[in-house]
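What follows is a pair of complexes built around chain A, which joins chain B in one and chain C in the other.
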Partner chain A sequence: MSEKTILQAQDLSKNFGGVKAVDGVSFSLRRNEVLGVIGPNGSGKTTLANLITGFVKPSRGKVIFDGKNITGMAPYKVADLGIARSFQMVKPFYQLPAFKNLNVALLSPRLRRLSGGRFGDRDAMAKDLLEEVGFERDSWVITHQAASLPHGYLKRLELAKCMALQPEIIVLDELFSGLSLAEVASMVPVIEKLVAQGKTLVMIEHRLKELFRIADRVIVLNFGQKIAEGVPAEVMEDPQVRGAYLGSEAEE
Partner chain B sequence: MAQRKERIDRGIKVRSDDVFALTSWREMAYLAFPRVVPVVLLFLLGAVASIYWERVLVTTCMFALLAISWDILASAGMVSLGQALFFGVGAYIAGTLNHYFGISPWLTIPIATLGGGVVCTLVLLPVLRLRGIYFAMVTMILPLMIERVIEATKIFGGTEGISGLNTLGNVHTEFLVAAVMVWVVLFSFRRMMSTDYGLLLKGINDNDRAVMSAGMNIYYYKAQALFLSSAVGAFAGAFMTHAYQFVGMPVFALDYSIIPIASVAVGGAGTLAGPMLGSFILVPLSELLRGLGGLRVVIYAVILVVCTVGLPEGIFHYLSRKYNQFERWVKVER
Partner chain C sequence: MLQGTLIYGFINSVVLMLVALGFSVTFGISGVANFAYGALYVMAGYLSWLGLHSLGLPYWLAAPGAVAITAGVAAMIYWFILLRVRGLVVSEVIATFGMGLAILELFRYLGFIGFEYTLPPLIDASVMIGDTYVDAQRLCIVGAGILLAAFLWFFTHYTKTGLAFRGIAQDERTALTLGINADKVAAWSVAFGAGYAALAALVILPLGTIAVNEGYNVLVNALAVCIVGGLGSTVGIIVASFLIGFAQILTATYLETSWMMLVSLVAILAILVIKPSGLFGHQKQLEERI
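This part shows the complex of A and B:
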């Protein structure tokens, strides 16, 4: 493992009954890199995110983070080490006001460590974070119950929750799905800023056009297997990838 | 001139900002009224009630504690069908300590409260990972199982139970202790739920995966909520053991699991005060209906259904909404 490698997946596999959701996937992630993960529906992208973050225990293979084997570690320990994630199905803490949603992460042992044992003014920190992801600071939206937020805001809230943990790696599962072009356009700079701050990102995306503008490298999954890897432009030239995405006529 | 009805929320700013509230007597009265009046009312009721009804009030307080204990657990995402487990474990700890070791009720009750909390938490620790109905099933089965174990092994007096236990004193003393305890538990846990700790428990209830991905060990916090809840339930059991001067298998009966849930349904979940209010409606009601013999259960059930269908949010939510909002007619120019 080179100096710059922060995360490594080796031969990761997960079977659900007979379904090989993820099948022998290996890749490595460099520090401060943006890695795109693409693939058709059901190709195992979410399962891969779950494997990395501990929500699913692998049937086979290893995950190594910062030289440390984290395979099969409990999700909260993985998060504590510094891998944050968003969920494809956005589910906020419904009963809490939007900004209080962030307080959960701001209360975490990781944050206490990073801030030298003191938590500071959590409400103010939460409001700052929400402003960073595009909530209007003094609007009613941030104090409103999360249950009543529109989808676009819920997605921003997901991202803010990840950022609140001050992680090293953020795994984003289809952050842009269901957003309008304008909404995506307004979130891209937020992501770019995270990269500028030195974060490492894994972006699972269906919105290829937007993804390719941000990602340094892309891996393509199909039926749980990694079928291609490379810089965005190259990957889309790959006949196997074109087949998986556009369908092929040769394969009968 | 036409008129239109408007609904206005009273002083949201005031209620969200403790310091601001202190600047105005009217606002302070507004905040204090719904807290002070019920407290005073309960003690007044206790003072004027006959011995019989004072006993009913004591029992009501204990069911209120069980209902609050249910709600604490539910706030952290654990739905229980077995408050009888907490109640029964507390009851037996107090009963055996008093009977076999001659320890005074003033000591057995606190010991049973803490001990019951520890025992129930340890017993349920292995199933903390179960969610929803699976957790509920385990909590329902455990008290019934313990009942059969006591019957089969004849420990702690077997089917006969243990009688002749000491009391706390007369019924007035019991009422005072019960009423003070109910208010202390209610207000301190309501306070707790409004702190960041309560926020975390609510977060676990809403979305436990998201709490884990924030780097929090949810099982650690669930175990703490379980301890708090079972300690409150165990207190009720220990208290009733000394009030009845008896402990036996009925302390694990389904009543102690079902009535708290019915109270929550009537009063409104998630507020702690709602479940308490529910108990104060259901338990005395069931006493009032006692004269009706067989029809009692039917009428009881009908009232329960009417309440929950008529006010599905619960009486407490309804009342607090009405208190915090007012409606007025305003003139509309056409």
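This part shows the complex of A and C:
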């Protein structure tokens, strides 16, 4: 494991009954890299995210984070170590105001450690974060229950929640899904800023055009197996990828 | 007579609210329906009686001790039993109900039956409200009910742990991604609910004797209030307590005292037919959103 490697998946596999959702996937992630994970529906992308973040225990294989074996570790411990994640289906605390959603993250044991026990003004910190992802600081929006916010705002909230944890790695499960072109366009700079701040990202995406603008490297899954890996332009030339993924998209 | 009915209806409603708060808080936070709830309520009564009479402790030691032990037992029930069946709702219900039966029937087996099992009232006096006699203990109950409901509101809205509780209550998966240990919070929530049951027992039980059967009655009443109000909804609990509380007193005044329990059962049946999620239940709507 080279010094720059922050996360390593070794022969990661998960069977659900007879279905091999993820089948012997290995990859490594370098610090400050943006890794795209693409593949057709049902190819195992979300299961891969669940395996890394502890939501699903692998049938076989290992996950090494920062030199530490975190295979099968409880999700809250994985988060505490510094791997944040978002969900494809947004999962805010619906009955809390938007900024209070972030307060829950700002109260976490990880933040307590990082801040040396001095939390400061959490409401202000929460509002700072929301501003970073594109909310207007003084608007009524952030004081309203999350349940009343439109989908695009909830996606931003999801990203802000990941950022609140001050993680090393952020695993984003289809952050762009269900967003309009304009909304995606406004999210891209936020992601680029995170990268500039030194964060490492794993982005599961269907929106290839936007992903390729951000991602340094891409891995392609099909039927749970990794069928290609490389820089975006290379991967798209791979005949297997074209057949499995782009082929099916072209037919639609 | 009307004045008396109103006063006793109000007191009875607060009693129901007190009894239901703990059950609701546990369910609201961790989704655990604690069917050992009634048993824990009665246990708090017996423990405090044992502290007072067997150990000869002063009230200020025996009562808080009973609350602490009851909460501790509840936390252990979560940690050693519920944790293994977490997420399997039917198993959770069977496990807690089984524990409840074991606790209650153990007290019966050990011979805790009789009129000597009583707790002292906080204040032994009575007052006149208008032309109705009300004993001071009943006023203590009203005070305790308001205090405990207010504390719950304050705790969940203005404290760190309370915010974590609400987070878990609203989405356990997301709470996990923020580094919150859901099992620890759930264990706390079960202990917290049991602590509320114990406090309710300490103020309500002085009105009568501590009896094993009281455990079953308390469970039925708590369930009735929570089902009618909507599980996990504090506003629902308060509204449902007053609906059922007044209905019970009206039944006792104008029909038969022995029919009071029927009111709870009929209320459960009626709401399950008309609006299964309860008057203020919001689980359904949330599911639809997602």
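Assume the second predicted complex is superposed on the first by the 245 of 252 C-alpha atoms of A that agree within 3 Å, B and C clash if a C-alpha of one lies under 4 Å from a C-alpha of the other, contacts with A are read in each partner's own complex, and residues count from 1 in each chain.
By definition in this document, a contact is a pair of C-beta atoms (placed from the backbone, for glycine too) under 8 Å apart; a residue touches a chain by one contact, two chains touch by 3 or more.
Since this is a predicted model, take the numbers as computed values, not measurements.
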| query | Should the superposition on chain A be reported as showing a clash between chain B and chain C, or a fit? | reply | clash
| Counting only touches as set out at the top, which of chain B and chain C does A:Lys199 meet: first, second, both, neither? | neither
| request: Give one of first, second, both or neither to describe whether A:Arg110 is in contact with chain B, with chain C, with both, or with none. | output: both
| request: Identify the partner contact of A:Arg85: answer first if only chain B is touched, second if only chain C is, both if each is, neither if none is. | output: both
| Counting only touches as set out at the top, which of chain B and chain C does A:Lys155 meet: first, second, both, neither? | neither
| query | Looking at the overlay, what does A:Tyr94 touch: chain B (first), chain C (second), both, or neither? | reply | both
| chain A positions touched by chain B in one structure and by chain C in the second | 53, 55, 74-77, 79-80, 84-85, 87, 91-96, 100, 103-105, 107-110, 161, 164-165
| said: Quick check: in the complex, which residue numbers of chain B touch chain A? | reply: 196, 199-200, 202-203, 205-207, 209-218, 270
| query | Which bits of chain C are touching chain A when the two form their complex? | reply | 160, 163-164, 166-167, 170-171, 173-182, 282, 286, 289-290
| note | Given the complex, residues on chain A that touch chain B span 53, 55, 74-77, 79-80, 84-85, 87, 91-96, 100, 103-105, 107-111, 122, 161, 164-165
| request: Within their complex, state which residues of chain A touch chain C. | output: 53, 55, 74-77, 79-80, 84-87, 89, 91-96, 100, 103-105, 107-110, 147, 161-162, 164-165
